[in-house]
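Each structure below is given as structure tokens.
Each of the next two complexes has chain A plus one more chain, namely chain B in the first and chain C in the second.
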Partner chain A sequence: MLQFKLVLLGDSSVGKSSIVHRFVKDTFDELRESTIGAAFLSQSITIHPNDGNEANAKGVVVKFEIWDTAGQERYKSLAPMYYRNANAALVVYDITQEDSLQKARNWVDELKNKVGDDDLVIYLLGNKVDLCLGTPDAEISQESNEDGDNEQKVRAISTEEAKQYAQEQGLLFREVSAKTGEGVKDIFQEIGEKLYDLKRDEILSKQNRQINGGNNGQVDIHLQRPSTNDPTSCCS
Partner chain B sequence: MVSNGTSSDTPSNLSIMDLENVSCPICLKKFDNLQALNKHLDVEHEFNSNEGSLGSNESSTVNGKATKVNSSADKVQKLKRSHWEKLQKGISHCQACGRTLNNEIGAINCKKCGKLHCRRHLPNMIKLDLSARYEPEKGKWYNCCHDCFVNKPGYNDYGKAIDLTQKFFKLRNMKKEDKNLRLLQLENRFVRLVNGLVTLYKKYNGSIIYNLKMNNEMSKLERTVTPWRDDRSVLYCNICSEPFGLLLRKHHCRLCGMIVCDNTYRNCSNQIDIGYLVSAASDLPFDYDTERDSLSEIPVSVRLCSHCISMLFVGRKFSKDVEMPLSGIFAKYESMQNISKVIDSLLPTFEDSLNNLKLETFRDSKRVPDPKNLNELARLRHKLLNSFNLYNTLTRQLICIEPRNHVERQLQNSIKTASAAYINEKILPLKSLPAILNPEGPKTQKDEPEVKKLSQLMIENMTIKEVKELRQELMVLKEQSYLIESTIQDYKKQRRLEEIVTLNKNLEELHSRIHTVQSKLGDNGFS
Partner chain C sequence: MNLNENYLDTDVPKRQLRPSKSGNFDSIPIVAATSEPTTSVNLDETFFRKAASPVLITDERSVSRSTSINSLNTAYLASSRPFSQVRKFQARNNLLSADLISNNDDKSQPPKIQKKNSDLYSDWGNDIRSRVAESIYSMETSVRGSEIRRRPYVSNEIPNIFKLPNPNHVNEPDASQVLRDKNFLIFTSAGKPVYSMHGKDEQIMSYTGLVNTVISYFQVNGPSDLKTISTFASGQRLTFLDKSPILLMAQSERGESSNELLNQLDFLYSYILSSLSERQLLRLFSKRENFDLRNYLETTDFENLNEICSLICNRMFPDLLLNSLQCLPFRHSSRLKLQDLMLQQLDKRQDIPRGTLLYGLIIAPQNKLCCVLRPKGHTLHTTDLHLLFCLISHQFQNLDETQELWVPICFPKFNSSGFLYCYIKFLPNDADNNEKSALVLISAQKDAFFSLKTFSDELVAKLEGERLLKKINASKGFKLSDIPAPMVHHFIYKSKQNVQYVMPHFEINSSISLDSPQGLEYELKLKTYYQQLHGTVVRDNGNLLSRSILNFVKWSSKDKEDTTVDGMGMTFSELDEYIIGNSSFEQESVNMLGMAWVTPKFELYLIGNNGVVDKKVLFKSARKVVNWCQKHESRLFISDGAVF
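Here is the complex of A and B:
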């Protein structure tokens, strides 16, 4: 089993916790309270890497240790502790909030500066697509806002804009909805596979060591067991 | 933008901001904006003018030609024109906006300074005499440019200020007089009532017919003091407006005669012992003395409504409370306030001389500052330091006082926070002094102990902002470690041991970070 540390970053109330809860528990809470500090959750998934390795035919179990950080400014000093040593970072923004993308950009910059690009998979996520279903793409239609549905909001950040930014920076990108669950599972599958690809050599060498090492690596527990004949032993 | 009427040119021309259509309340003429209306009122209806008659003598010139607006203008003597700037087509510019003047944007001379302006930049009116000098009394209204308008004597840009204090006092005094008269009346009645009741009591006390006579006489007396209202016409309590009935009985206030209820919850009226009443208003000229006649032992009471009680006794109680010595916290706070006043008055002087010193050393780094100045500065700082110390001690003493109730506890906490903030804020300039003095060498080393004392009060080499940030971080870290601990507990119950390993690792990290921050903060952390 592979373990990956994953951290969520982004402005407050963009839906970081909602995404995690959709992934881990498959629930959605309309009135989620804002996160305090950083919450810890974990979830395992199975990925099917097609690298021709027979050992992986049944799929590889990947376990994510997810740190869901609070978006509020107050907790900003906590973030470095959690994105340090992280394997993947989900930088979330809200497609209906103009400045949330700017915050996301800031996070991406900070990650690139402090962590270094090579080992870290950064995933840019636009959340809340369910609010703008009437406007599937970049075209911003004002009419949709006049509909009776109060929930319907105008998209403030077009898909193209975010996609272009993600390409420039070499980020993975997807627009999702934690409310409907659209795309949420796919994110983690994608990250799992990507990380597996990155670490393949490492992982394979580890596996080989286990296979080749045979019994040498194992400890014979019988040897450590106290002899019943020993008079000094308490277990006589 | 079409306006009717004879004198129509200026208002519509001057409408810079077309706000709304307003009309003159007197002649119902329409205007495009308030400014135009104001001007119309000033000029044509002679608001803002002491002069008796003022015909609409307004004339405007376009391209140097005077257009007479009103027939009455013929009679009016012409204003001096010799100082007017000549219009040169394509060359003349508006004095204010610099645009080349033409027919489209207009070209008008300011009637005072004579400079040419476009229509937009001649928005003001000024009273001028015939030789174009400012004449607030007898002058007539003419267009003028902004500069002339602003430079006229007596101009201010906040409008006219009229002192209404005297008027207010007059009104207020009238109200107060009414109230005082009413109070006097009530006090007189009260004295009469008490005197009469005590006399009656003394007369019948010990007698066999006490019970028989006393009540009768009492009610007679009470009716002479104040006329009682007729019960029958009154259906509701005069104070709480509840309807009277079987459960809510009618009562008369013995001072004002009003009919009120005796509901104990709303306190519309109360039966109060005479002795108590007299001692509460001991300044009134009663015939009997509380102690000499031992009034407190007289079992006679009167019913007073809450209005009369508050009229008679609340003011007295207030003045009595004011005279009473302050409770511990307030007394301490008052002395703290006094010291903070001293600090506030000393600090600016100190900062000024400090800045001077800085400037001197900045200009010429080798120059040794005047020892006299230095001594003065040291003296000031010493004084300030003592004040801060005293302030600090007082705060500590205040915190040690056991509050009497929860309000005092809240007050105490607020004062504590405020005084900490105050010291933090004010002590900053004191900090910068040693930095200046130190390079001067051993000469200033004399006041070493003071510097040390200063550093005790100061935050070591950190600005307030840094400390605040660190404190915030510490708070967040502590919160987070608490959160993680509780998560670990949860996971232990659920037997998710692998996660606990991760969480424990994080908890360790948090603890080490907390340790770092705490050691950085030193004594400035939370206790």
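Here is the complex of A and C:
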């Protein structure tokens, strides 16, 4: 079993907790309370890597340990504690909130500056696509008036804009809906495979070592990135 | 014992009493012997069916009058009649009566109706039995285990004699009405609004000027004890708490003492500190005096403030009033076992550096403290725990055992300028109900999550192994019927040494959920009784009048006075109006006796059933309650907790 640490970051009320709950419990709650502090959850999935390794023919179980952080500004100083050892970061924005992408950009910058590790997989996620099914990107420019009563919200961030940003920064990118579940499972599958690819050599050598050590085939591998920065400096 | 007996019979403010509506027909004589609980039997169609024809009503009313007298005087007789004739039962809180319809040998009852209703209410029979049984178990005469139908039918509900807001409107954001019977406002010293329980910005803006003027008056006049303005004409009371850069104001018509209001304001202020910490708050305002705190507070903060305000104003929340915690009644040996396991676990995890784990708590559903792990010589302040409990019961109610939380909280009475970090995990509960107990581990180190997680994982596994979790989830508290104390409606017993209190379950009709308007109304009513009882034993500064006090408080109504009170703008809820409008409403006469008994060891606040007017009888029951509580002290209270 592989174990990866994963952290969710992003502005408040973009739907981080909802995404996690869709992934972990496959439920959605319209009236979710804001997270305060952070919540720790875990969930396992099976991936099928194409690396020709016979040991993995049945698939590899990947356990995600997930830190679902609070988006509120006040808890920002605690964030380094959660992303410091992460293997992957999901940076979430709300496609109906213009400034949530800017917040997401700030998180990406912070991750790149503070972690500075190419092994960290950063995934940019646009959430709440279910709100904008009726408004394709082409119509964005025409939609000028904001209709508050309408459930159908106006898309504020086009797919192209976010996609382009993700490509520039080398991030994975997807638009999802925690409410309908669209795309949520795929994210974690994709991250699992990506991390597996990145760590293949490390994993294989550890596997061999443990098997040779006569561990009855029980293979537990914890891949923890070494701390890249001084724990005191990140919490100023 | 030094008994300082005060009789307040005549001091009940008349305007708070509710008039009895006798209507235009002879009132039902409700004559109860002094030591008997009230009984009122009402036979009327209109309670149950809005569209009852007027002819039927008159018919039934005549029946009603005759049987009610009958069944009062011969309670046993009436009750021994077959249940098929008990057709309906309704216990509305402020009707305060178990309305039984027993038309046994009455020939005047049109058979047509009986037939019509028999299928409508056929399944009520069992329900009524159980509820009637519940409502009378505080009667000495009731023989437990005997057949229900041999018992007397009595109501032990208590009347609503206070002018209370209609709970239906409590949660409605009615913008047009800022001046409610109770409101909380929070401002900054510069006059910017931070929070208001009721009322929008535009409406409370005008208050900022007023509040600031008043506060600066207090400041100019030096440190003074003056913190409250009361107007006797309207019964308004405005109380201010100056915590510059934050100002808080409470406005109330509910007759609370200024000290009580100050405590409530302090609790609100403590919440703000718990979220921000005092250091951060001062820093925010040191840069700019006119800082708008609302930009810094989050939606969650406003939701939590709303929750706390509604807890203070609308729910039975004696924690603040008595400044103590509610404790989960738990078998003493199990509690010891629980504490042992926690200490063992702490011993085992020697790798956790000392000081990483400051406190450990197990909190049962409904915010009852179940177990404490604490360092020697340190306890947590009740305010801090109340804040934590509020967060757990409100903020985290959607969470379950699959997630673990790591939450920075400033405990203002522990250290108002720093944060502690709380590991919170809900414990698995097999039962279907949504009630979860929680394990809370408190640390001063922000990166201690994973060591506490291992601690918790191992502890929870052990608890499950020893079946203690099941026991915690199964612990249901106690009922009044567990105590052989007749004529008592409800009580609160506070153990002073442990700073904890216990109270029996609410005596409320089981078909009424506690969150329904009726349930809320009941809580508010009970709360007000206790508030007034407590008010008789404390000085205005909140200290007890004396070391030992025994006070009786009587709430009673006299019909003649009531009719005059009626002209003074008494308001009735819609349902009351409806019932009165149909001339079926008989206001029960109010004869409530309450008791506050304070000794160096305990405080007992006790409310008798309506109609119990004999102080000796009530005092006798009170002694039984006290004896029972003292006998079961080790089960009811946590004496020391697990101390390391």
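Heads up, the rule we're going with is that the second predicted complex is superposed on the first by the 198 of 236 C-alpha atoms of A that agree within 3 Å, B and C clash if a C-alpha of one lies under 4 Å from a C-alpha of the other, contacts with A are read in each partner's own complex, and residues count from 1 in each chain.
The working rule: a residue touches a chain if its C-beta (ideal position, glycine included) is under 8 Å from a C-beta of that chain, and two chains touch if they have at least 3 such contacts.
In this text, all values refer to a predicted model and were calculated from it rather than measured experimentally.
**Q** Touch check for A:Ser12: first (chain B), second (chain C), both, or neither?
**A** After superposing on A, A:Ser12 lies in contact with chain C but is clear of chain B.
**Q** Once the two complexes are aligned on chain A, which partner has more residues of chain A within touching range, chain B or chain C?
**A** C
**Q** Output check: A:Gly37 vs chain B and chain C. Expected answer is one of first, second, both, neither. What do you get?
**A** In the superposed model, A:Gly37 contacts both chain B and chain C.
**Q** For A:Tyr75 in the superposed arrangement: first (chain B), second (chain C), both or neither?
**A** A:Tyr75 contacts both chain B and chain C.
**Q** If we overlay the two complexes on their shared chain A, which of chain B and chain C does A:Val24 touch? Say first, second, both or neither.
**A** So A:Val24 only meets chain C here.
**Q** Once the two structures are superposed, pull the chain A residues common to the chain B and chain C interfaces.
**A** 36-40, 74-75, 78, 81
**Q** What part of chain A is in contact with chain B in the complex they form?
**A** Where chain A meets chain B, its residues are 36-40, 42, 65, 74-75, 77-78, 81.
**Q** Sort out for me which residues of chain B touch chain A in the complex.
**A** 472-473, 476-477, 479-480, 483-484, 487, 496, 499, 502-503, 506, 509-510, 513
**Q** In their shared complex, at which residues does chain C touch chain A?
**A** 275-276, 296, 298-300, 303, 391, 394-399, 402-408, 421-422, 446-447, 449, 453
**Q** What residues on chain A touch chain C, complex-wise?
**A** 12-13, 24-25, 29, 31-34, 36-41, 68, 72-75, 78, 81, 231, 235
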